[in-house]
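In the two complexes that follow, chain A is the common piece, with chain B as its partner first and chain C second.
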Partner chain A sequence: MVRFKSRYLLFEILYPEHKQFHEIPAVPSGNQLTSSLLSKQIRAAVHENFGDHGLGSVQSNLSIKYFSPRTSTGILRVARQHYRIAWAALTLIHELLGQKVVIRVVRTAGTIKRAEMAAIERNASDIRLLSIHDEVEEI
Partner chain B sequence: MKRTGPMQQEKDRDHKRLKIRQSRSIHVQSDSLENGAIDVEKFLSARSFEIRAFQDAMKRSKDSSSQRAFQSLPRCLRRRAASHNVRRIPKALRQRALYEMSLQSSTTKAIEPSRLRFKRYVRRLQKRISAAGKSKQIVSAGTLQTKHTTEDSRIPSLPLVRLVKGQFAQRQLRKIWLPTHLWTSKRAHMVNKWGYAIPQRPTAKSYRPTHRAAFTEEAIAFDMSYEPIFAITAPLPVLIEKYKSIFGARWALYSSCSRICSGLIKNVETGRTICPCLTQWNKPSEAFVQRLPITEKNNVAQVVLRVHPAAFVECWDYLSGIAVKDSRIAMHDWRMQLGSIDVLGPRANQVLHDVLQTPIPSTESNVWTSIKKLSHNQLPIDCSLGFHVNASQTATSATSQNSLSQKPMLEYWDAKTLPSFQVFDVTEVNGIGARNPPAITPLMVARRREWNGLTIILPWTSIMYFWRKLMFRKGVRFGGLDNLHQIAFEKQIPFFPHDYPETEAGIKAQAVSREDAFSYWQRRPPAKRVNFLKLENGMKELGDPFACDWSVLDKNYPTLTPVRFHLVHVIITCSTRGSIHDLARVYKLPTKESLEEWKKHSLHYRNKLHEVEKFPASPEESNLVGYISTGNFNLRQGKPSGIGCVIDQFSGSSKRGYCLIRNCGTGVFRLAQWKRF
Partner chain C sequence: MKFVFNSTFSLFHPHSSYSMLKSEKSYFYGKILSSNPELNVTSIDDVTLRHWITIALDQEFGVFGSAAAVEILHRDKETFILSCHKNDQAKLWSCLGSFINQKEGVRLQIIQVSNFLSSFAFA
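After this line comes the complex of A and B, so read on.
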């Protein structure tokens, strides 16, 4: 039995035109950005950049496993053979709901657990940095 | 089983789908957002919510996947037949395992006791009982060959093995089983060495767990009953006068403090080391002294020794050679009466306290309970403490009213009186727990300075009871010879006898490992083994490729022959790149300029192995100065290191310096630094 393997891409959505982008890069997205909308956008991007062939090879296993509008972080599942197509499509998305975006893939992992752990580490270090920043400001 | 209808099947499927979905979903924070304004507080709270959601999701997906009872056990508790034999699973999980087995639709059924089997079993028992009555009692199985014995057993003859009765008596006629043999042999690869059956290493792979247990986490225990314990009794001034130069000047000072002295036994006439040993002074009771066949019975003191079995006969012969000439000195052989357990690791003290929980009240046991919270590092170096423990079934744990608030009574070890090994009441040691372990068990706990743990000396028959309690406690591993060697290597101390080529035992040990290495190499097909005649650089391997070949140095340094008596122990680490393995050859740098060349070369990390031209000139054969007996990647140091010996002429008076290392079977030299041990 051939084992079906996939890649889990941990990505975050950045809004470079947001006024506070230079202080804190990660911005919460609005409520309208749901995982289903995002998923449709990604499919559209794949189709636009890689055509029918690209979409066909990736589509069957493309799904958003997690997306949080509050932190603009998400986990995308793709088949391992063609994950670079999905990655490239993510990179080439330049607009979501009228706002300019940059989607940055932070981590690729073979299991969802590893992607979750990578996200936890990033969040923990963000919290740590900000807490230190806060303490310094208080003094 | 009744077949479920379509409605029920639908419900079951939905239920299952819901379960799967729940186990695979990750919660998302769902309160409403402001218009993209970033608030640091909200940012932080969003992040921490996400962390918690991810952790929750990981836990849920782990729990939802079905895991059988035997799959949840740690590696050391897993048994092959656990999936269908409930007795192989710890008692706590047996109910669950039984339930799971009943869920399986397999067709194996439980073994029903059959009358025929029972009858056969009873008949076998009867035969065995009648045979036991008829067989002859084995009174003696031979003695160890020693040079000196006296008629009145002032210096006794040493029995070869420990005579036991029971099911396995026949197997113990030619070797001594450790008290924990029945437990250990099921969990370790055993080896016959020095007349004992000793665990070589656990069957479960445990290189890194041993490192963690000894240096990071809980504790690792070793049954050291294979290290013979014996004693010399004589009036105190006689003891000091006759044996001071053998044990070292420091040793005599320990006769007035409650500490053990660990040092080396040296042969005074030749100046050579025999072996390391642990000594504990004692004042034997009057009754004991009166019964001894010695001529002077005033102010009698006793030295109790624990040495390595590889050198035991040599030690005994040497020490009894001095005793036999002086009728005031007696020796006692307690190899089969007393045994010891070494517990190493950061939590050794706490682990021992959990096991030795019921001390009989006395000053010593008060001191013991008072040091419960300390780590062994915080106890005085070389301290020793003897007390009794109630090992009977009805013992209750020590009252904890005073133990928590007690201050550690470390001043106990400041007293300047002759220390007590008296807890053993030496009159009875020879009969100590001959068949059954004593209910009130005397034992002595000591801390050796080189090792990161505690040593307990107990009666032989009590060891199994305390060993089981120790092993049952969570976090305690056990180890064999290989693990002890590994811990000594990581602490960068030489391991006896492997790393002591200047001793007789060391040479014998190296000869044995040479045979093992050679026979392993020989059994491999020529295409798949190292060809020692053709190394890189067109070199040929120097000396015997399977051993530390001291004969090569004997040739190069004819004035120092035999070279192994002029050696110095060193610790070697690579300067930048390189790895160190056993039997690596140590060379001195030919000239001062070559040191600069090698330093420059070693700083260029990217120099490839095959770019031979870039390496400085290789040293000649005549530059060989020593060997590394144990070399490996040192997990504790985080880099490769080696323990070995070099000739003292090379090291001179300095404590450290540079040298070149070449692993056996390779042609690549690496710059390394040596440090005197």
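After this line comes the complex of A and C, so read on.
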């Protein structure tokens, strides 16, 4: 039996023009940015950069499994054969809801569990950075 | 041309053997078709043809597809000969075959595809 295999891309959205970007890279996205809107933007980016052929190869298996506007982090599921197209399309998105963004794929994993574990590790390191930043400010 | 020992070829010619380098280009021989009786296909210039090829690549393969290097080698009335890299052969073939300009009723027909230009000697 041929098993359908997929890739899970852990990505984060960076806002380089945000005033807090240089202090805290994980800038919240705001409630307007939902997973459905993000999914539409990714499909539009795939269609613009890779045409009907690229969209057709990726569309049926492309879905956002997790997205947190608070940490601007998400997990995207895509078929293993075409994950590079989705990765490139994410990287080529430069604007969301009128704001300049940079989407960076942090980790690729074969299972969603590994991607979730990577997201938890990143959140833990961000919390540590925030606590250090708060201590420095108090001083 | 590289000369290397070819064990299969040496069965017939034991004192000489050679092998040809593969061509890195693909060549397309095609024709411009039009369903519009008012449009004279022979009056279409090379710039317009290149524009249509770019549109076809862009529709099918996006920005990255439209960057494929395609050259118009020869143009004679409604027929043309294009060249591209062999890796882009399938892309160019599929997008040209599916391209239709509805406004002017123009279509591109691919008659022959080859890795060697000399195969179009009849053109």
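As a working rule, the second predicted complex is superposed on the first by the 131 of 139 C-alpha atoms of A that agree within 3 Å, B and C clash if a C-alpha of one lies under 4 Å from a C-alpha of the other, contacts with A are read in each partner's own complex, and residues count from 1 in each chain.
In the analysis below, a residue touches a chain if its C-beta (ideal position, glycine included) is under 8 Å from a C-beta of that chain, and two chains touch if they have at least 3 such contacts.
Quantities reported herein were computed from a predicted structural model and do not represent experimental measurements.
Aligning the shared chain A places chain B and chain C next to each other free of steric conflict.
In the superposed model, A:Tyr66 makes contact with chain B only, not with chain C. A simple residue count on chain A separates chain B from chain C, and the partner touching more is B. Between the C-alpha centres of chain B and chain C, as seen from that of chain A in the superposed arrangement, lies an angle of 110 degrees, given as a multiple of 10. By the document's definition of touching, neither partner reaches A:Ala44: not chain B, not chain C. Once the two complexes are laid over each other on the shared chain, residue contacts for A:Leu97 go to neither chain B nor chain C. In the superposed model, A:Asp52 lies in contact with chain C only, and not with chain B.
Shared-chain residue A:Val106: touches no atom of chain B or chain C.
In the superposition on chain A, A:Pro28 contacts chain B only, with no contact to chain C. When the two complexes are laid on top of each other via chain A, the two nearest Cα atoms from chain B and chain C are 29 angstrom apart. The intersection of chain A residues touching chain B with those touching chain C, taken from the two complexes, is empty.
Those residues of chain A that touch chain B in the complex are listed here as 15, 18, 20, 23-24, 26-31, 65-71, 73, 113, 116-117, 119-120, 123-124, 126-127, 130-131, 134. Across the complex, chain C is touched by residues 46-54 of chain A.
Chain contact summary for the complex, chain B toward chain A: residues 26, 28-29, 32-33, 35-38, 40, 42-44, 46-51, 54-55, 57-58, 61. Taken together, the chain C residues at the contact with chain A in this complex read 57-65, 94.
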